[in-house]
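So, here come the structures, one by one.
Shared chain: chain A. Partners: chain B in the first complex, chain C in the second.
Moving on, here comes the complex of A and B:
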């Protein structure tokens, strides 16, 4: 596992930090420095609220290396309330709870571990919105 | 005779400006465990305990509790000068949990970060230090966390109670606080009631040694000294919370100190979530803050094996009702519950690799 690659992605993975376009206001995730709408430079950091909804999903039974222990698990395309769609694992739910349009919130969880001696990779997952007062 | 120096009081007053709990959603009933080992014969020390999911550890749980504390505290994470996580189940043997938490809440890089250890009082030990840190003026805010994913050896008495959960307490200037810390006190001796050697998977304990000379002596020692120095009795407090290794001990120690069941009930969570170790007294405090009113006085006493107790005397301010609803209550986390059986529990706790 490339430790340096994980480290570079930490900020966006731990707290959904993307970018916003000064010119047209579009929010970008993951950060790509250039606006997808107007092609202006977009380098100002923006922390997403973490709220969104399930756009589509699938359940993984045959997990790739590093994820075996967690199978079966669900992966979703989550449409963030600011617009971008991100791919992420769903957590804190049963498979039969899932539906398209389900309101979800971001949590920081263990994504994978590199064997018994390697690093633990943390990052965002999404779960059904748990509490009524859910954040702004 | 009064030796006021026994008390710990900072130069400038300090309080809790934000607080947040975390309890994972899985529960295993104690009866399910006793079914496994004793065919369900004999009593069980609690109803059920909280178990973390496969993608959760002390770092991820601390992050959620810390985010809740920040929602209530409404402070800029960049103004935090210490992120201190007390636990005996840090994910790494070497590599701080606290840097992960600090990064995830946006407190880096202008902050201290360290992991604290002292069995079940690692979190309140961090609180004591945080009070000094804020009280001296070195920091405006310090974030202190007690969090554990505790493990008992399969079949051992601790397996019924060793649970996952905890709380984050954001300390700051008293004039911004939801609860002012009037004073605190620590009581420590070398008592070998419970330990885990460096490469051991599960802890060992001195059986009957864990009660009177350990838990009761230290909690009573700390609480009595604090109350004597403050000139208070149990009747001066609206609420009290003690470390909760099971359901009985905190009830009994409370009674010995003169507290009624009504005073300790809101903070007594062990029957429903188990012993969250470093999280135990601190998450009990969050449950009390969820119901307390301005002017209410609270006594909190932790216990950590090895051994020691930290005692805190707090008074709730007018600000508490304003921020309380900014994050989920501790009871809301407890109500979020999915029961699991022993087989699932074994998988979640990775117990198949028993040595």
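Moving on, here comes the complex of A and C:
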């Protein structure tokens, strides 16, 4: 059981908590402590809105161990409105509805289950935005 | 230019070697390379491997392989950089010999995929990605290739069938290589109809995982002149990295590490893309072939696929690629792939490529990528 490695990412998995760079102001997700842009320390926490759009996507048929039950499932690069791109599954839609540029929002869903007795890992996925008002 | 030259090469066929263990695979390639160099001793061994810890529950390959190959006692270590492990292992050997601290260095890339089957292999290959932020969301190596391919199609207005030329070329060359995993020719019409692995990447787009081992022996270039009738000079050698995760790149469609390592290696060799007679690139997926051609300067951004469409990547084209089948048809034995690429280019430059020979090949470029281009190692070879 890998309880600790999932537990320590709960702020990211459930709330999309990343960071802001004090020096250049760029928003970072995942958090990385050293700014991706300017290499200054970036330790101020920032909670992302969870709104973004699909940058690219794929539907995976050849699933890795731990994901066989879900296949086929769709994984996307989602460009968050604050700038960073995040890798996450798309949910609550069929593949033929997906398109690059599609507005999506973060939801919390089951990422994977380790067998009938095993741990259930929850985290972020993205679904179509539910209300047009949510999109700028 | 480095002062390092290749004096011995050898490899096994890439295949599902059910009856052969990882130690035997490594030994068969080493035995061939020692025979080719006509020597029996080396001073150091660099083993390129990605997956033995996961698929065979076997780490510590440096000591294992040195011991099993009758080289007990020498300096030996495993080098891991996902599927760039083989190319990076050669890079370590070049550094060691160039420094003068190691006289004769042996590099073996070895991968044993078929100790497992199916989803554990897919999961093991995904460990070259970011475990917490990519693989935990179900992304696979093929999935990462697919994300790039879909975005490439969107930005540059190309379709799936526009990538077919890469696989058709790889299979045409693989058909002439007795060591290739797939020797069937592929029709462009079949490409677009193949079953999906991770849309839009299909079975005929993705390179197959296979078992295999390849080995090269390097020494100082002056010494090589006395030891080998046809030493191959390592004119340039460079390694660069990019963000591990695709999502952290400002422009995911630009392979920054591939560009940097290619430019450094070419500068070291004193060559430009115009001087390069063949380019063994990392065609794990067709989109990576297109992006590698662009990053290395053989095509403008967004135009790499046109080289395949226009027949410029064949053995008689402007820039031959995948001349023994590439990853797509020779097969992709993970951490061994980068050493296969070196063996193949050395055979081309020696004029020993038989049916796969590129006419008048004098300068060959080799680029081995790890993950979705997070590691890129480039070597320029010459006679």
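Basically, the second predicted complex is superposed on the first by the 132 of 136 C-alpha atoms of A that agree within 3 Å, B and C clash if a C-alpha of one lies under 4 Å from a C-alpha of the other, contacts with A are read in each partner's own complex, and residues count from 1 in each chain.
Methods note: a residue touches a chain if its C-beta (ideal position, glycine included) is under 8 Å from a C-beta of that chain, and two chains touch if they have at least 3 such contacts.
Note that the coordinates shown come from a computational prediction; the quantities given were computed from them, not determined experimentally.
By the touch criterion stated above, A:10 is placed in contact with chain B alone, chain C being left untouched. In the superposed pair of complexes, A:57 makes contact with chain C only, with no contact to chain B. After overlaying the two complexes on the shared chain, residue contacts for A:27 are found with neither chain B nor chain C. Legend: residue contacts after superposition of the two complexes on their common chain; A:91 is shown touching chain B, with no touch to chain C. In the superposed pair of complexes, A:130 makes contact with chain B only, with no contact to chain C.
Shared-chain residue A:70: touches chain B and chain C both. Once the two complexes are overlaid on the shared chain, A:122 sits against chain B while remaining clear of chain C. Looking at the superposed arrangement, the partner reaching more residues of chain A, out of chain B and chain C, is C.
Overlap of the chain B and chain C contact sets on chain A: residues 70, 89, 111. By the touch criterion given at the top, residues 119-120, 122-123, 125-126, 130, 132-140, 142-143, 146-148, 150-151, 154, 195-201, 243, 245-248, 252 of chain C touch chain A in their complex. Put simply, chain B touches chain A in their complex at residues 25, 53-57, 59-60, 63-64, 71, 91-92, 100, 103-106, 325-328, 332, 336, 338. On chain A, the positions that touch chain C within their shared complex are 5, 9, 30, 36, 55-68, 70, 72-73, 75-77, 84-89, 95, 100, 111-112, 121, 123. Residues 10-11, 14-15, 47, 69-70, 89, 91-92, 94, 107-111, 120, 122, 125, 130-131, 133, 135 of chain A are the ones touching chain B in the complex.
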